[in-house]
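Same chain, two partners: subunit A is paired with subunit B first, then with subunit C.
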Partner chain A sequence: MTSADPTRGTYFITEDDLRALTGELLGAGTEVIAPVALDVCASPSAIASSACLRPGVKPIDIEYRALESAAQLNLGSGLPVLSLKQYFLPEYEALCCWRQHGTEIEIEAVPTEFAPRVVLAAKPCDSAALAVVDKVMNWDYADELWNGRREATTIVNLACPVVDESCFCTAVGTAPDDAKGADALLTPVEGGFLMEATTDKGRALVEAHAARFTAEEGAGGAGARGRQAAEERAAARARAAANLEIDAASVRDWIDTHFEDPLLAALGVRCNGCGACSSVCPTCHCFDIVDEEEGIGKGTRRRCWDTCQAPTFTLHASGHNPRDSQNPRYRQRINHKFAIYPLKFGEVLCTGCGRCTRVCHAGQDLVEILQAIDIAARRREAVSP
Partner chain B sequence: MSDTVTTEVPVYAGVAELRRIARELLDAGDVRVIIGWEHARRGARPVFITDAADADRLIFDARCVHNLVTYLNPRRDNVAELGKIGLVVKGCDAKAVAGLLREAQLTRDDVVLIGVRCGGVLEEAELPRAAPLGPENVAPRCFGCDNREPELVDHLLGESQPEPPRPLTTIDERVAALDAQPLEKRWAFWTEQFGRCVRCYACRQVCPLCVCERCVAEKSRPQWIEASPHPRGNLSWNITRALHLAGRCVDCGECERFCPVGIPLSLVNRKLQQIVAERYDYAVSDDPEHAAPIGDYRLDDKQEFIK
Partner chain C sequence: MNIYQPQLALVTAVTEETPDTRTLRLELKDEALRNAFAFHAGQFGEYSVFGAGESTFCIASPPTRKGFIECSFKAVGKVTSALREVNVGDTVGFRGPYGNWFPVDDWKGKDVVFIAGGIGLAPVRCVIWNVLDRRDEFGDVTIVYGARSVVDLVYKRELQEWASRSDVRIVTTVDPGGQTDDWKGEVGYVTPVVEATAPQAQNAVAVLCGPPIVVKLTLPVLERLGFADDAIFTTLENRMKCGLGKCGRCNIGPVYVCKDGPVFTAAQLKELPAEY
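Showing the complex of A and B:
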């Protein structure tokens, strides 16, 4: 077996070798985060799940987890319930601790450097989201905790076959085989995976485990396996495109100029304002900062996920609330993702994972909303000179 | 689109009547909006009909799980501004209307209630078509329902429906299984369940009876409940939510259905219902005159727990 030459682009790795590589990383004490299939019926929640009692296929939840063993690594196509965001912007984290000594306050900082870690088999929509959010995290202030985790992490994507009819990554500038925000991309092929390292971190991972990889014959994976990978990737892109095709630039400009349009102004009527969409969203990054006392004279300042769908998000100290009902709050969600952020940072704040639509039991459907806006935008273009 | 789909699937009788009444109410100006259910891309969902010409979008089948009474909640300014509401309710939903009336959050003339006779609903609304109800797919809360033909309504549609099937395990059986565990195991169970809470407050937002103008979870001076989703804050939030619904919860199951991390809130809610039934001989009904223990004081209330 020829070892990989990491200066070249594409390598082949068998599933056994990928698991062995995972084992090597874990053995060296490196944290490895990857999709894991959780047996819902083995957890205490099974008590409330009819699905666990009925015969046939049992429900499985896919979640990103820090692996305990290489065997846990799930290389299937399921979409994790929560995105990868939680490993870069945790649901809550300490910013500092304080302790009061009389009139003096002692502040204890939190570490902003992190041990190297690897994410395996990330969904392309989840890694792309990190690259999109990088922009705001380094806009007027470089967020040390976000950047520290980003720098410490090597991300290897797994090309996605497209999960269901709510996926629309290709409509918002990414793709099911994108390596955006990641350092390498795995594509399933006969007998294993093609691996393309796209950044120095990705190449370093290949180099460190060179014996596990073979250099793929033909530049750029032009061999039989390369052709198979290219075909399946193109088919996946076509599946995503069949779900939704919009002109993101027209949508952006239409939203920017139609703030009061009834289409945008009445979107929130069935929305419950629960913010579950923000929780599961890989790009929603807004947080609240709270001081939590732990006894007398000491406590922790934490930041935790917040959502523009909650009235308190914009509640002023005066009592005035500029977004005082769910209609403007839902419009804000659409406006921020598809107009404000693209105008400011040149990127749509959405990677088309579809989680918001799947999680919403009130039936808010981003695919349908984007389609409606796209139609309105095209109609306007058709009549303007 | 909804027509072609709904005609192929089992629907409750009364849909034609529902559409006719909706049209008449809108045409006569008796209401400005009918809130019911429609068939959309991902299945059944709430719909707001403001034009009589759209009344044929209304459906009623076993996917119509949502408790639409949440839209009567006084917090919903954007719904209220649509004008007088005609609301389609199942029996469980009508109990929530009674809850709002009982607590002076609504007056009866504010809303026209279109009741539907119900034979139970599915666990999920997001299905391409309704399936026949069976033990494996029926919403467990429907078993033993005592209000399948609501009385607190202006119109009652459809024909009498058969009793919902018994689910594979009932909620009472689930609660009993948990009750049979020793204290440490129950503590471990709930610690794990609440540990997953991301504090999105979906349970509160969708609850038709979470009507507080400002929730205790949002108070920061003093801070009663820690805001971060760590186990301690999560425990105090979830216990507060459950206790505030004791004797008020109508068992519509929406909090559990909306929970993005799958916390089995129906078990907490049912346990509290059992306690309220035992201590106050009270079961939530759609009779608004029947005062709930949380808003009622009686000299013979049990108080032996006060030591």
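Showing the complex of A and C:
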């Protein structure tokens, strides 16, 4: 076959070549982040869990990890437990360091430029979330730590077959085959993957590994692989749409105008404010800023993930708390994601990954909640002249 | 340098205002930054003690005084307790100025009524001095200030200075039970004292800052006195972390208080969910 023509957007690559490309990147010292299957029972804290005691069963978690070898690259359809957020807004991130000499203090800046790195087989809902969060990170003040990591990273998505009934990406303006926030998209086809490069960074990746790719008709194009890719992508979209269909614009407007509505005001009854939903969410970006001393007279100021679901989030020093119970806190989660952020930044602060629903031990189900709000919004439209 | 990295500032003066409130005067150590530093009345900053963390206070000195800034704070928690221990010659961190401001220039020719409760006098003091430093641009100036007790009054020396000026009308009050034998001011909560003081509302603006309860109770009184909702200015003190519109902490309804505020008119306040 002919080698890739870097001026064209669509290529074919076999799985072997994709792993070889991964090996080339690693060999050149480039960090490669990708889904990896982890043995749950290998973690000391999991030893007692009953799943690990059952013979013949080997429970695994999928997580995005920096690869040590190309063999680790997991190209299955499983959803990583944590989103890609951790690689752009780390759970703990240094903002500056200080050193005290007598009454003098010296501040050491942290770098805002990062070595180039590549993310492979990212979930489309995870890359899309980065593009959504880009907005808040850049209105007026630019967050160079976020932007530095964004610029240094080339993201290659892997089209998703839709994981389960908690997925609803198509209801919030993205899709299981979206390249939003990413630089290229892989779609599984017979014998390998179609690779569409959608940005300069994506094209540069193809160019740098041109021997691994062959030029190909685009998805939906005349070729057999293109037809296969288009069919499977359409089927995945239909599966996501079957989970939830809402009118995001009327949901936005209804929430915006119904702050006191009993439906919104009582949403948090089951929630106990653990914040797990915020941790796993690719779009939740709230953070706290704390100082951590590291020996005498030196330390690091860090930001760390926070959650609007915690009672202390809004607690004033006086003891006054503007959101003094879980109901208003949960309403804030919904309001911020589906009304405030869309009105301010033009994007829904949710990509429908479903993680918050899956992780919630209290049974808060975002599909159910959005359905209820959508019905309320449609009902209003039906009665208004 | 990233947006979260503070500037270093030298503490050049400390005033103990009350048993739990003090004022620090700070000078940015970097001379170029110090000379270029400019802000508007009502803006705030993030002040830090390295090892304890950052805290949000308004800039309590007026923009008309250059070369330094002042902040006044009440010791209520981790950072404010650490700030209570700093002395002249110590170094602290500062980020700012952040947020919007009082549209003082739009008030030219108008009467200005200042109402503050407790530490709420800190942001108001900045505007008072800003107006007094440009005194002939404005009409009558009235100040109503209340604290829990006589010892809790902040800026005592300045209260006297304002009282001694013929171009300022000032009423100070303490909560019932908070007076001393030689207390010459009013006794009563701020709200009824504002009502009794009855500043006229024609061609006037009111600046109102204090604990949420004082703001809440005083707004209807100002309305009864005839102040229009867009002639009443207040500040919100939602908990903040970044001050830059990133961390999400201060968001209520459509506003990020740190960027769209902290200064709001009563008209804007009415449009917001009551989450302040």
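Convention: the second predicted complex is superposed on the first by the 373 of 385 C-alpha atoms of A that agree within 3 Å, B and C clash if a C-alpha of one lies under 4 Å from a C-alpha of the other, contacts with A are read in each partner's own complex, and residues count from 1 in each chain.
Here, a residue touches a chain if its C-beta (ideal position, glycine included) is under 8 Å from a C-beta of that chain, and two chains touch if they have at least 3 such contacts.
The structure displayed is predicted, hence computed values, not measured ones.
Asks: Which of the two partners, first being subunit B and second being subunit C, lies in contact with A:246: first, second, both, or neither?
Replies: A:246: touches no partner chain.
Asks: Which holds for A:205: it touches subunit B only (first), subunit C only (second), both, or neither?
Replies: neither
Asks: Name the contact category of A:288: first (subunit B only), second (subunit C only), both, or neither.
Replies: Touch partners of A:288: subunit B and subunit C.
Asks: Look at A:322 in the shared chain and tell me whether it touches subunit B only, subunit C only, both, or neither; answer first, second, both or neither.
Replies: So A:322 only meets subunit C here.
Asks: Examine A:79 and indicate which partner it touches, taking first as subunit B and second as subunit C; both and neither are also allowed.
Replies: It touches nothing on subunit B or subunit C.
Asks: In the superposed arrangement, does A:169 touch subunit B (first), subunit C (second), both or neither?
Replies: neither
Asks: Between subunit B (first) and subunit C (second), which does A:107 come into contact with in this model arrangement: first, second, both, or neither?
Replies: A:107: touches subunit C, not subunit B.
Asks: Per the definitions at the top, what is the overlap between the subunit A residues touching subunit B and those touching subunit C?
Replies: 288, 290, 293
Asks: Okay, in this complex, where on subunit B does subunit A touch?
Replies: My answer: residues 40-48, 66, 70, 76-79, 81-82, 123, 125-126, 136-137, 140, 167-169, 174, 177-178, 188-189, 192-193, 198-202, 204-206, 218, 220, 223, 226-230, 233, 254, 256-258, 260-264, 266-267.
Asks: Which residues of subunit A touch subunit B in their complex?
Replies: Going through subunit A, the ones touching subunit B are 40, 43-45, 47-48, 50, 53-54, 81, 91-92, 165-166, 266, 268-270, 272-276, 278-280, 288, 290, 292-293, 302, 304-305, 307, 310, 312, 324-327, 357, 359, 361-363, 365, 367-368.
Asks: Please give the residue numbers of subunit C that touch subunit A in the complex, ascending.
Replies: 1-6, 8, 48, 50-54, 74, 76-77, 80, 89-91, 93, 211-212, 237-239, 241-242, 244-249, 251-254, 259, 273-276
Asks: Note which residues of subunit A are touching subunit C in the complex, please.
Replies: Of all residues in subunit A, those touching subunit C are 95-96, 98, 100, 103-105, 107, 109-110, 112, 136-137, 139-145, 256, 259, 285-291, 293, 299, 301, 303, 306, 308, 313-318, 320, 322-323, 328, 332, 335-336, 340, 343-344.
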